[in-house]
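What follows are several structures.
Both complexes below contain chain A, partnered by chain B and then by chain C.
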Partner chain A sequence: MRHSFLDKYSDLDSPLHRMDLRLKLGAFLALLIVFAAVPMYWEVVVAALILLTGLFLLAGIPLQYVARRALVILPFLLFIIVFIPLFQEQTWLVAWHTFARAVCSVLTLILFVSTTRFVVLLQMLDELGMPRMIVQVLSFIYRFFFVLIGELERMELASRARAPRRGKMYYYKALSRMLGMLIIRSYERSERVYQAMQLRGYDSEGTDA
Partner chain B sequence: MHIPDGFLDTRTILTTSAISAGALYVAVRKINQHFSPYKVPLMGVLASFAFVAQLLAFPVVGGTSAHITGAVLLAVILGPYTSLVIIALILVLQALLFQHGGILTLGANVLNLGVMGSLLGYLIYRIKRNFLMAGVASFLALVAGGVCGAAELAISGRLPFHAAVISMTSAQAITGVVEGFVTFSVLAVIQSVRPDLLSLEKI
Partner chain C sequence: MTALIEFEHYRYRYPDGTPALNDLSFRIQKGEQVGIVGPNGAGKTTALLALSGLLFGEGAIRIEGETLERRNGKHFRQSVGLVFQNPDDQLFMPTVYEDVAFGPQNLGWDKGRVDEAVKAALQAVELEGYQEKSSHHLSSGEKKRVAIATVLSMQPRVLILDEPSTNLDPHARRQLINLIESMDITTIIAGHDLELILELCDRALIMAGGRAVGDGSPRSLFRDRFLMEKHLLEVPYSLRSRTEQAY
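Up next is the complex of A and B:
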């Protein structure tokens, strides 16, 4: 399988990785709120970018990786820019503010997930009183994500081996059938997993996060 | 379309968060009322399924691609409230792990894709409980989500309302056709291979 773990770099060691999680969560939420509410004059943006870059360097996360992950906001940004002609004078300002807010927020998010292990985050959600069911389902998603990706890749390989390159309509049908089979296999897997959990004394209250 | 952080103003963030939090609170309570322990792995694994399914890109005209949300699909199999919770959790994970959608805009995204997809979609599906209707419901739910998203962007002053509606709804309509087709055919596959999956308890 050719996936990497989703919270890549979260197992590094740096002051940011070691920071108390509640404090860190609070600080990050505060940053996000600031980026959503404060008018983004260019001085503010430059200060924010310097701060975030400094934190990334402190955490030892490659800036190239950060830049690549930050690109996801581009489609939305284009979406705003494309409709600029319909606006009047203020347009470029609005587009710029939105862009600056989005970039700063995305960088903040990347910094948070890259310095926090997912399992630890779940543990904290549990301690903070999040319903146990939610925490358990989240940990299931994270765990079985990789398993199901593997399952899907095997199905795709099998389908390509049997029917290489057909028309688009065929592709649609094949992909839908694959999804159908994936959901059935997922269901059957959940039955087996539940039996295994029961055998090991699972009672739905167990801390499995 | 998942709205990233920075695209909505404070007022919209607060309103949409309140609506979505209320819907989720009701949903979690409903699920807990009918709780049985096997539901945790069932929800967990099917949520991973939806998470993985959302990574599959279906090619659309002109080199663009769309991915499905699976909200109506899950609502038909597991019930609307369970589907809503699963979609909300997937949105949280997508925001955290892929930066697909934001944290402060979670409320808006849950409203557009979860409340509209799972709850409204299921309501439409209930008019006539067959697979075709499920497909139509998927389409309409996505378009409704697009209109909501457009309204949120317009109220936040990022785009004029008509421009937002035209662009968001047309984007969602294209995705909706794919989603409708996939919902229909996946349900047909389940019907022919494991029909008992369609008669689970729906909450």
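Up next is the complex of A and C:
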């Protein structure tokens, strides 16, 4: 089972990993605001990319991994850019700005997530006054994401073992049914988890947890 | 002497009407190690959930003479430490520390006492230094031991293990057996691993159809081929005679 692909590099040790969390959050928010506000001339973009690359190298995160993660947003981005000409003049300029802003912001977020342990992030959200219920939900998502992925992988393996040479369409159909199964199984699991919580003194009013 | 745990003519029906426990009666004294065996659907897990105050039926369950009721159910949950069959259901916090501390925190203990309880519980399951690990990075055996630690930290009066050896390799299973053997606490072990119960328990209950149909020393009960096969169980290999082993 693949396990730590969510915050894979967050356990490394580097100046960025050790940085005080509130300071880091402030700095990253400032960076995001800059990327959103400043006109993205190519000099700015190059400077931003050099800065971010430097930080990634400093943190010891492989650039290949960063590129792979950044690629994920590309389809969404293209989708938006395609529609820009319908509403704007100076199409190419707006499109370029949007593209540059989005890429820089995503890289910044990847840097933040890969240098911060999720658990620490949750603690910080709690300290910053995020409602406890939301922090709890996020922490459950983090915990059970891995369990669910594992379950889905096993179901997929089982289906492949029984229908090795069916076409793509068949596969997608099966996958959609598996997702349905996964929801039912998760529902049942959630009941057992809730029982486990009750057994350890939890009640729904959310006493201190 | 008041029994630590007493089931008296206990009945439970699932919401859809299926009877799960049917006139179940037994007593467990403090310090006993009791194995509960029975075919699937015999009501083992239901009995354990009822004992933990998660289900309520007719009849009485008493813990140290006090009757378990809906209104005091929460109070009893601390005394009963139920370890689920699947540790993934029991470990729901991001780190081992938070999981083991979850119970004590809900009991309203102060930080120092919680820390102490967590440390002692992790020590008891021989996982010191695991506090900051994430549960999804642990092996099955480690998860099982953390799950045990999450209830030990609440200092229960009885430890209940539902199918403890599921998904464990022989080495992890052996570690678990040694661990349970080393603990000084009343223990109930439910499951199909008869060899494990033979090793750890001084008493066994056989459940079938929602009631107790056999009660005695594991060795004498499990050897009774007629009794075992009548209730869809079998005589463990180690208790069969030589001629039987040859088959």
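Criterion: the second predicted complex is superposed on the first by the 174 of 209 C-alpha atoms of A that agree within 3 Å, B and C clash if a C-alpha of one lies under 4 Å from a C-alpha of the other, contacts with A are read in each partner's own complex, and residues count from 1 in each chain.
By our rule, contacts are C-beta pairs under 8 Å (C-beta built on N, C-alpha and C of every residue); 3 or more make two chains touch, one makes a residue touch a chain.
Note that the coordinates shown come from a computational prediction; the quantities given were computed from them, not determined experimentally.
Considering which of chain B and chain C touches more of chain A, the answer is B. When the shared chain is aligned, chain C comes close enough to touch A:Leu122, but chain B does not. Using the contact criterion defined above for the overlaid structures, shared-chain residue A:Phe140 touches chain B and also reaches chain C.
By the touch criterion defined above, A:Ser176 reaches chain B but does not reach chain C.
Looking at the shared chain after the overlay, A:Arg189 reaches both chain B and chain C. Of the two partner chains, both chain B and chain C are touched by A:Tyr202.
In the superposition on chain A, A:Ser105 contacts chain B only, with no contact to chain C. 118, 139-140, 142-144, 147, 189, 193, 197-198, 202-203 are the residues of chain A that lie in the contact sets of both chain B and chain C, per the superposition on chain A.
Those residues of chain B that touch chain A in the shared complex are 1, 3-10, 13, 28, 31-32, 35, 37-49, 51-53, 55-56, 58-59, 68, 73, 77, 85-86, 89-90, 92-93, 95-100, 102-104, 157-160, 162-164, 167, 181-182, 185-190, 193-194, 197.
Interface residues of chain C facing chain A in the complex, by the touch rule stated above, are 49, 52, 54, 74, 77-78, 80-82, 84, 86, 88-95, 98, 102-103, 105-108, 134-137, 150-151, 154.
Looking at the complex, you find that chain A touches chain B at residues 6-7, 29, 32-33, 35-37, 69-70, 72-73, 76, 79-80, 82-83, 86-87, 94, 98-106, 109-110, 112-113, 118, 131, 133-134, 136-145, 147-149, 152, 168, 171-173, 175-177, 179-184, 186-187, 189-191, 193-194, 197-198, 202-204. Put simply, chain A touches chain C in their complex at residues 3-4, 118-119, 122, 139-140, 142-144, 146-147, 189, 192-193, 195-203, 207-209.
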